[in-house]
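Step one of this worksheet: look at the structure below.
Read from first to last, the chains carry the letters A, B and C; within each, the first residue is number 1.
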Amino acid sequence: MKPSVKSILLGSACAVAALSFAHSAQAWTLQQAAAPYKGETVTVVGLDRPSYKAAQKLTPEFEKETGIHVKWVIYPYENTLKAETLNFVSHSGQFDAILSDVVWPVDFTKANWVTPIKDFMANKDLADPDIDIKDFFPVWRHAFTIKGELVGLPFDSYAGLLYYNKKILKEHGFSSPPTTWDQLLTVYAPKMYDPSKNLYPYALQSARGETQTADSFTRFLWPWGGRYFDAATKKITLDSPDAIKGEAFRQKLIKFGPKGIIADDHSQVVQLMGQGQVAMVTEWSAFYPTLIASKAGPDIGVTTEPAGPKGQYSAFGGFAYMVSAQVPKKTQDATWLFIQWLTSKSMAKPLLENGAVVARASADTDSALQAKFPYLAPMVTTWEHGSVPDWRPQIACYPYFSELVSEYGSDIETGQYTVPAGMKKLTGKLQHYMNSTGCWNSVNVPKH
Amino acid sequence: MTDPTSPEVRLPRLRKWEPWFFVGPSLILLLAVGLYPTIFVAYFSFHSWTMGMGPPVFSGFENYVETLTSSDFIDSLLRTFIFLIVTLPIELFLGLSIALALDQTRNAWLRRLVQILLVVPIATTPSVVGMLVQLMFNTQLGVVNYGLHVLGIGPVDWLGNAHAALGMVMMTQIWEWTPFVALVLSASLATVPQDIEEAITLETESFWARLRYIKLPFLRPGLVASIVFQTIFTIKTFDMIYSIEKGGPGDATQMIALHIERIAFRGFDVGLASAESVLTLIVTIVLAQSVVTFLYKDEV
Amino acid sequence: MGKQRILSLFHGLFLAFIALIIIFPFYWMIASSLKTENQIFQLPPVWLFKPHFASYAAAIVNDNILRALLNSVIVTVGAVVLGVAVGAPAAYGLARYKFRGSAQIQFWYVTNWMLIPVVVLIPFYLLAADLRMIDNPIMLILIYQTFVVPLVVWLLVDQFKAVPIALEEAALLDGMSKFGIFLRITLPLTIPGITVAAILAGIFAWNDLLYAFILTPGTDARTAPTVMMSYLGGYIIPWGRVMASAVMITGPVVIGGIAIHKYIARGLTLGAVK
């Protein structure tokens, strides 16, 4: 008997309905998404820091699940940008997953060296529906949003924190750490300064290079109301009274520090703290494990950085992963799958437990993890209330800009220039540099 | 470079191309490897090109003008000169002293020891030396300041004070290269013919007379070689200073090689860096040439 | 005689002082490589302590130092062999022949030598990238010729001049070819000089940092000094590991240098003709 048209239609409708149900019930899995890319090799840029070590440790999980081989290339921080830039300029296709410091995204996106994230997010086969971008802290999303678009997935994220030696503080009559810089300088510092006993209240890492710019100079700029520039008027504003006030404060503060601190980098300052010679340091959250393991470890407490007269602006730094636009599409897709996996919500906890620092709110605000890692709570507070995404300028010519800041910043710190004279000179140099390179056209002013 | 005091000794040339047979391979190799970067650098010195900010654009002498009017380049160059002018004479004086001391007959085992040890600083990787210096000269935690403390001298801020840092870098350079000078001069002294030495010992007891009239002519090629080598090495110095403090504090120890590295790899300004290196190359060549000419000017 | 004794004393003190200045940093390096991290920074310094080899283990395991050392050996030996193979004949040609262009050629060699690595890095890198030769040791071997060949030529020209011409003339009369003379008469007589040139060139090639760092950045291909550079950029400088690596990096070169120290005097006789 011939089936009626109606029954055929009904049957087809049912079949289609059944099929579509089956399709949507079949959730996105990494394994499925990676199937076409089995056998691909993805080269990832990393640093010699705990987060990347943790990532490398967990990478075999990804490889097993996807059949994609991941090759890590480790660079010293100071040379990462050099290596990546040379790679792009020469089209050598050396790297697939590009590591971007929070100050480099303008560089990479302006020259179209990286593929926009949205391209991958729009691809149903590649995009994990569970990616939950909003789970990244707002300050991190904004830091990597250029011209309104997210350009990287945050990984290895830091906040500046105040580490203090509870024992030393107690011995000098303090039961809690300072909450403002003024307090630290006027109340705490004088009591704990005793060079004859090799005891200093505070040490500021100031070594030439990015340390001087980020850790020393910028730290004493924002909390006093100083700003690097006004993008609208294209003027460098480091010679403003607020900026000068901030850096002048720094000069007063380092008088209480050990001699020679100007040349000390993270390594030396952490050593000093670990040996019990210094009572307080403001260092990156990433140093928590090292400090805890040092000689003074059991006495070390951690909290948010002190606030300045014009607000709380803690040191802000970190990285994100992007996909190179100069490698074949297939490799790009495989790379996307990797960085998506690495920065996913589900990987945040295992990474944390292996020593990494990630900007996933779900993991960082987990009470069990916070209890286990005491630095998480102040870090979260800092990101939520005490950081701005463009704490360091987001401009295409940041590297040399930073070099100039680093040079004059340390010259001011050693006293080679008075603060007003030095700031004026630096302003002039930066203004000339920004003007002559046309960098003003690509300044990124992220949401705060 | 060929020493004018030695007699020109030549073999009859049977075929015209003979010398080229010998010299050829090295020439081809160096032309292939060395010519490309030299031309590249010369070419881009006339272009405006910052990596990542657009393609190269011809800009004539703009880079040269900016280099010569920028205080940073001039400062770094001057600093490198001061570095050279201070370290070179000390290296020569110390090196000569060591060489003369080794030429004596006393204290044989000590001489053997020093002779062996002279190779050590030259062989040491400069970046390793820099790291060692960073460790030993740290103001708070370094062993050098501890030593000074024991002698009653207050802590010197080696790494934090601009002048002390420059001094420290100079001392390190002298430590690294004086042995080389000592070796070269020691070898030169070894070429003084035995019979002349014996003859003059009978003539005069004066150490200085012996030094001046007999040994000096034999020392001269070694001295010239040392000066030229040291000039080149010093201007190229990078690794050691970089690993101590990257040119800091401020720019107290920023020599020309470090300065160019910043322009090239922080500013990514290939055009400007190229112009600066062309200028530096010219200065180096002029320096080396004038040294050779000056020291041989009384020869035919 | 009293005067001689005093002179000997001063002589001895001077040499002892020199020896001490050279040895002390080395002692410090080796000692630090055997201390724990806390001991390294302890003041007063710890002079007697139990050696602790964890730093070496860490350097080998963490930083792949053995592979880096192997790469250094490959590159250094390759560069020296090529440089001497090409430079020795060149030095001979310059020593024995007077021809047009010889001064210019020498000038070109020295100019090569004066190229500041930092600058030529960019063109070399771009070239290597184009030829897909990043992380390839051959690239380094070739680039090192810019300083190996000039050094070899400089040192050997006078060595060859010092060989008595009579020997060569005699061989010529016997009907030997020019190259034959070079190979069988001149070269054997200048082995000490060639050895010195080779070792000196080897030292410079081994110690090169900048070229190696940019052109062989990969963890598998990199050379030993670049491991030192990578320590600089870490957040924490693991001083124990740094010193352990330093010992392993400088060890071979220093030992090599000491082994030939006897030849150095003979090999560095510049412009001296007996």
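Everything below uses one rule, namely that a residue touches a chain if its C-beta (ideal position, glycine included) is under 8 Å from a C-beta of that chain, and two chains touch if they have at least 3 such contacts.
What you are looking at is a predicted structure, and each value in this text was computed from that prediction instead of being measured.
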#### Entry: Relative to subunit B, chain with the most remote C-alpha centre
A
#### Entry: Selected interface, A-B versus B-C, where C-beta contact pairs are more numerous
B-C
### Task
With chain centres taken as the means of their Cα atoms, state the distance from subunit A to subunit B in Å.
41
### Task
Report, in whole Å, the distance between the mean C-alpha point of subunit B and the mean C-alpha point of subunit C.
15
### Residue numbers of subunit C (touch at least two other chains)
41, 122, 229, 231-232, 239
### Task
Pull out every residue in subunit B that's touching 2 or more other chains.
141, 265
#### Entry: Two or more partner chains touched - positions in subunit A
82, 86, 89, 271, 275
#### Entry: Residue ranges of subunit B in contact with subunit C within the complex
1-3, 5-14, 18-23, 25-27, 29-30, 32-34, 36-38, 40-41, 97-98, 101, 104, 106-107, 110-111, 113-129, 131-132, 135-136, 141, 143, 146, 175, 179, 183-184, 186-188, 190-191, 193, 218, 221-222, 225, 232, 235-236, 238-239, 243, 256-257, 260-261, 264-265, 270, 273-274, 276-277, 280-281, 284-285, 288
#### Entry: Of subunit A, residues touching subunit B in the complex
82, 85-86, 88-89, 107, 110-111, 113, 198, 207-209, 212, 258-264, 268, 271-272, 275, 277, 396-397, 399-400, 402-403, 407-408, 410-411, 413-414, 416, 437-438
## Note on the structure
Seen from subunit A, its contact residues with subunit C in the complex are 47-49, 73-79, 82-83, 86-87, 89-92, 94, 265-267, 270-271, 274-275, 284, 286-287, 290, 294-295
### Message
Going by the contact rule set out above, which residues of subunit B touch subunit A in the complex?
### Response
50-53, 138-141, 155, 157-162, 165, 245-251, 262-263, 265-269
#### Entry: In the complex, subunit C residues that touch subunit B
7-8, 11-12, 14-16, 18-19, 21-23, 25-26, 28-29, 32, 40-41, 43-45, 82, 85-87, 89-90, 92-99, 102, 105-106, 108-124, 127, 142-143, 145-146, 149, 153-154, 157-158, 161, 165, 168-169, 172, 178-179, 182, 203, 206-207, 209-210, 224-225, 228-229, 231-232, 239, 242-243, 246, 249-250, 253-254, 256-258, 261, 264-274
